[in-house]
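What follows is a pair of complexes built around subunit A, which joins subunit B in one and subunit C in the other.
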Partner chain A sequence: MRKDRLERLPLRPRRSSRETKIQAIDIIICIILVTYALLILFPFWSAFVISISSEEAYLQNNLLLWPTDLDLSSYKKVFTNDALWGGFGITMILLIGGTLYQLFFTVITGYALSRKNWTGKNLVMNMILVTMFFGGGMVPYYYLIRDLGMMNTIWVMIIPGAIDTFNMLLMRNYFASLPAEMEESAKIDGANDIVVFVKIFLPLSLPMLATIGLFFAVGNWNSWYNAMLFIPDKKELWPLQMVLKNLISKVSSNIENPDAREGYSEGLTMASIFFTIVPMMCFYPFLQRFFVKGIVVGAIKG
Partner chain B sequence: MELVTIAKRNNPFKKLKAKMWRSKYLMLMILPAIVFYIIFNYIPMYGVLMAFKNFKPKLGIWGSPWNGVDNFIRVFEEPKFWDAFRNTLIIGSIKVIIGFLGAVLVALLLNELRMRRTKKTIQTIVTFPHFLSWVVVSGFVFSLFSYYGAINSLTNFMGGGRTNYLTDKYFFFGLIFASDIWKEAGWGSIIYLATMAGIPQDQYEAADIDGATRLQKIWHITLPGIKATAILLLIMSVGGVLSAGFDQILNLGNKLVRDDIAIIDTYIYYHAIVGSDSAGVGTAIGLFKSVIGFTLVIVTDRIAKACGERGII
Partner chain C sequence: MKNAKIIYGACITALLSIGALAGCKSKSGADKYDKNGRLILELKNVYFNNWEGADTYTETLNEMFQVAIRPTNYVYGNWDEMVNVAINGDNLTDVIHFNLKAYNFGSTYEKWVDGQIIKALPDDLSKWPHLQEMLSHVSNIDRLKYDGKLYCIPVMSDIVNYEKDFSNFTYVYRRDWAKQIDEMPVNVNNPNYIPIYKEGDVYTWEEFNRLLAAFKTHIKDITGTNQSIPLVDQPWAFPSVTNFYKEVPHCFVKDSNGKAINAFTSDEYMAGLEVAKNLASETIYSPDQGSFTEENDKAYQAYKGGFAGVLYDNFSLANYIQLREYMRKEPKLDDATALMKVKGPDGKFALEGTENWFSATMFNYDISEKKMNKILDIMDYLLSEEGTRLAIYGKEGYDYNIVNGEVELTEKGWEKGADGKYAPKDNGAKYLRYMATLGNDTKSFDPYTDMDAYNILNAWTEEMKQAKKDGLLRVVKEPADIDWMSTPTKNDKTEGLLADANVSASKYAMSYKGFDKNAYLDSFKNASWERVLKEINEKLGK
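Coming up: the complex of A and B.
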């Protein structure tokens, strides 16, 4: 019996036939996944349809799956909206300044913690790890920010975020995985730690740097939490997402009475959503691999 | 004379000093981190004392009078807090389970899909929502479920009339889970896909020779192959059960359902930060939450280790 089966084995490995022949089950899997992808895309489409339609079409509910008329006035309003452009400016400051700032402190900390036993390293490491399990909570943090005088300033969205523990550990593990001999030979040639870091380790870790930098950039682009908590009174300092949040809560504030509406705020809101996500939609397909790499490396090593 | 030199050379303080001097640049690099962690993590931990005090901002944390466990008593006597607590446990644990199942299912389907091009496109589409903020997602929810939104247009078109979904608290519970799956399942699948790619190919070849069906291969090779990763990720997510998604609940909720879908974090925000509850009460709730969260992590870690898996602590 067994011998029989062995003799009937094809000479070429079976894998090749497995890869070429498409069975019914493959079609079913494909259909399920395409449906799933369409479900992901549908909210984008539905919001887009509202954003390019006129108010009449919206209220007459002809916006099933396709626009019945083309009305770009919502986008005109978005591009002439001072609050949105102001938010865009603040977000750009966070995106560039905040990301570089976070990258700098996170990377130098990760590097220092990746080097071999210097005095106090374990102490510092434990001090940092404890914060991953314990925190003071929202209220003490709120009073701390207030006492530091950062309420209603742009700094509250930048300064406290200097080091992200998870990304810092990612960076540390990456540095630790590079061969230590490079450091030793450079040290023999008289280089100090800063020179070794800048001239040897930094150039070798550019892909990892890009990954972490992108995560920071997305975080800054999507930042609204700090603004909501700590900048309630200064609307001119609100980042884009906070301006958008305000718009959305305005349109959804009259849900009890859907007909008590003022102007076509739904169209404006949906157009503003696209104002905030189109930049990301354009870049994401090209940057996807960096994000994927970051999470895979992080999970395997962490 | 000589003895003194030897003593000097062996002086442990001198050695330490020399060692520290050698690593002075590394210490310079770590200095900002120490400062940041002390200010932004350890000072708030000290601020936890507020939970046991009748906090007066003018007197400062230390100067405010102690009031024992009064803050805790006040919290525990508040039925709305227990509603929020119950919601947190329900929402948090269901999210962990469906998040895990969703991610594994998507990963399995993608892993079985043989059309390379389609696979890549689908992956790009389904991982993208992870990068949207909950602010944007709440806008999408409004576009779909509001009175004139897409779903109502559809039911109205088919003669079902319109429903005001966004005022219905039961609808919101479903919405919380559905939107979480919509946003995170694709992204969560990446890690499982990477693990599946690391399963040695010869196991599948051997199974082919034995005539295994695809389902058998999934059951006996792929799923055992991702078991370790899955358990690790599950333990890590247990710590977040009590967070249950502040961003999500805060953005999706509206003033009508706010109390019905409150979780501990939104309770603290609405009652102790923008509301009139005292800072001491807010801190007490936060402390209560982190103690329970920490216990949960330890317990799960022990259980995992008892079952012979790699823990996290």
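Coming up: the complex of A and C.
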């Protein structure tokens, strides 16, 4: 091909003037999206600014846009607070141990229920499925936990959550979407069911594992309600969020208190909140690339 | 297929059986011992918030009474819920602590007695003389007895000054600002100007209103801020100015015939509410006062932030010390946190009446006699002179010595921080004493007490006591026969009615759109109010 001919050929399709021109609608959409993003980001920013500003500056103006009268004493108090570190330790146990435990049971159940033609599959499936729609209720659940002897133990925050039905369904759908021929060929080569699961299906499921792992991890990180109900008498087993709730719980001044009220300032509250959310905020972006993919692949096959 | 169904059935039956067997457990409250053979005591109290139970003073008590004390606490914000969850879940500790009030005792305490949830104290308390002495001074104690038996230990506010029957719900104000306003050239040069600051902080109703008006005009000039709130109330107390008009603090008042009527629609309360409405419309109250909550703490923030002139709150010693701690950067702390004594239009001070106790310690019905006796032993000991010294000073020979009959603190036991104050240390004895008393009897010699705050508050209390003797203090209190009356609807509804009434009062005072006087009065025309009043009047024979 001649050189002048090559030069005449456009390397990429030319855009029409209509395409390159920024239209009014683009600006409106842009403004809406930026506003929406700011609305989401502002509470975080505001909390951060309050946490590093002096109490006097905050009291003068509750709506701080920029750090005023920089004061890191709130963070100093947070980082030297034994209760928060204790809660952090418990939450890490829940995060790692609880998440692995939940992943294990959810994944093996999902896998088993994705396999064809085993006797009782539908019965098991329906028994699990029914828990999505009908619960026993809070009071029976409370009595069950109490009578199983799990009150005031860390197990109450781990064991009952073995299988999450929704996530198990995602897993099951994903496994079911993988070609059955892979299993058949592996079995022809002599692999048993466990080998097929561990060496073939599990490696192909990493996006899904990351997705539901993230669900579990976020759930475990934020958990406090079970601790409030079932661990009322052992503060040393309270997870981080429960410790935080206890710390920032404001005492109504018409409750007589023999000791001075906790002088928990707004700065300290915000610093504590940051202490509890930053680790998860750091963790989240690394798994986010799996996140959407995992949801989609799990949901396409019914 | 048939075999498979049998197998499923068998499996499900087996699972259900295991579940049912798991439900069989020993009854709670059975005596348990630690590895040293000491009786384990599980004690729960809202004031144990900062106590882990592993200090040397707790160990002293453990050794002395051969027990293993296991303290836990209720979270302040969920106190009532946590007690109710434990009771309904049959998961009680040996000792519980509840925010018992006249208005909730029928729906809680009375039911717990009937339901065998809580255990009666022994009839003969002579084995515990200090406890017995304390209980003999508890106000309205007979209301808490069933068949002559007492099922709780009311936590007394002050076991020495137990006659005090009024609360510390009052005003603190910026005395420094009042003085500054009087000294402003514009006022000094005005021959008609009447100074607003009153020596001794005693204000007549007219003077109080004049001070609020002056604060409205001048706070911004004094502080240089763009915010100004002459008067701010803690949300639970709004509108505080009604205290100078109303006859009772809560729901029910008697009319001239002795018949119970709704206190929130009485002429006296409505007069007070109109005053509050006027103050709000003149922006003496902040336009946001109606949206203040305990959680957002805006009332305190306004005062701490230096743009509120007068604050209404419960100034117990602990709360007053805390306020002074918040205001510590003020050059004249006493002037910035001065207690104000306001006389109402009738020329009298008005303070809300109260029992001389707050909350109650109760015992799990299932605990053994041995365990209960041990707990009572400990409580009695902590009310004795020796026990009080352990709770306040620590251990003799280590924390303090007795020299010439006086307590002398030791340096090794009482280290001081950089601020010159005694470094905090955990003392379980002090926390355990809160099961019987809030400890106001020890504040005057507690090394941790801010004595400046104590002296100011004590002087205020003495002044109010004297005013009461002189007939110049009106104690705003519900008639005891109604307050402690138990009827089915009253027990269940009073708390809700009170909360709704406060919301209505707040809306009316703040002139919420569409909430005029008729709407306010209509908010009380409902079946609950009618039924409760009917039941009360039937019992009163009216």
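Points worth noting:
Everything that follows uses one rule, which is that the second predicted complex is superposed on the first by the 255 of 302 C-alpha atoms of A that agree within 3 Å, B and C clash if a C-alpha of one lies under 4 Å from a C-alpha of the other, contacts with A are read in each partner's own complex, and residues count from 1 in each chain.
As a convention for this text, contacts are C-beta pairs under 8 Å (C-beta built on N, C-alpha and C of every residue); 3 or more make two chains touch, one makes a residue touch a chain.
Keep in mind that this is a model prediction, so the values were computed, not measured.
Of the two partner chains, subunit B and subunit C are each touched by A:139. When both complexes are overlaid on chain A, the residue A:245 reaches subunit B and subunit C alike.
After overlaying the two complexes on the shared chain, residue contacts for A:229 are found with subunit B and with subunit C alike.
Residue contacts after overlaying the shared chain place A:128 against subunit B, while subunit C stays out of touching range. Residue contacts after overlaying the shared chain place A:204 against neither subunit B nor subunit C. Looking at the shared chain after the overlay, A:151 reaches subunit C, while subunit B stays out of its contact range. Set against each other, subunit B and subunit C touch different numbers of residues in subunit A, with B touching more. Once the two complexes are laid over each other on the shared chain, residue contacts for A:119 go to subunit B and to subunit C alike.
When the two complexes are overlaid on their common chain A, residue A:56 makes contact with subunit C while staying clear of subunit B.
By the touch criterion defined above, A:34 lies against subunit B but remains apart from subunit C after alignment on the C-alpha atoms of chain A.
On subunit A, the surface touched by subunit B in one complex and the surface touched by subunit C in the other have residues 59, 62, 119-120, 139, 142-144, 148, 229, 245, 249, 251-253, 255-256, 258, 266 in common. Contacts from subunit C toward subunit A in the complex involve residues 4, 8, 19, 22-25, 42, 44, 46-47, 49-50, 52, 70, 72-79, 82, 85-86, 88-91, 93, 99, 157, 169, 225, 234, 236-237, 294-295, 297, 301, 304-306, 313-314, 316, 318-319, 321-322, 325-326, 329, 358-359, 434, 438-440. Per the touch definition, subunit B reaches subunit A in the complex via residues 16, 19-20, 22-23, 25-30, 32-34, 36-37, 39-48, 50, 57, 61, 106, 109-110, 112-115, 118, 121-129, 131-133, 135-136, 138-144, 146-150, 152-154, 156-157, 164, 166-167, 182, 186-187, 190-191, 194, 201, 204-205, 208-209, 214, 229, 232-233, 239, 247, 251, 254-256, 265, 268-269, 272-273, 279, 282-283, 285-287, 289-290, 294, 297.
Interface residues of subunit A facing subunit C in the complex, by the touch rule stated above, are 55-56, 59-60, 62, 119-120, 123, 139, 142-144, 146-149, 151, 228-229, 232-235, 245-246, 249-261, 263, 266.
Only residues 9, 13-15, 18-19, 22, 25-26, 29-30, 32-34, 36-37, 39-44, 46-47, 49-50, 58-59, 61-65, 105, 108-109, 111-113, 115, 118-120, 124, 127-128, 131, 133-144, 148, 160, 162-163, 168, 192-194, 197, 218, 222, 224-225, 229, 241-242, 244-245, 248-249, 251-253, 255-256, 258, 266, 269-270, 273, 276-277, 280-281, 284-285, 288, 291-292, 295-296, 299-300 of subunit A touch subunit B when the two sit together in their complex.
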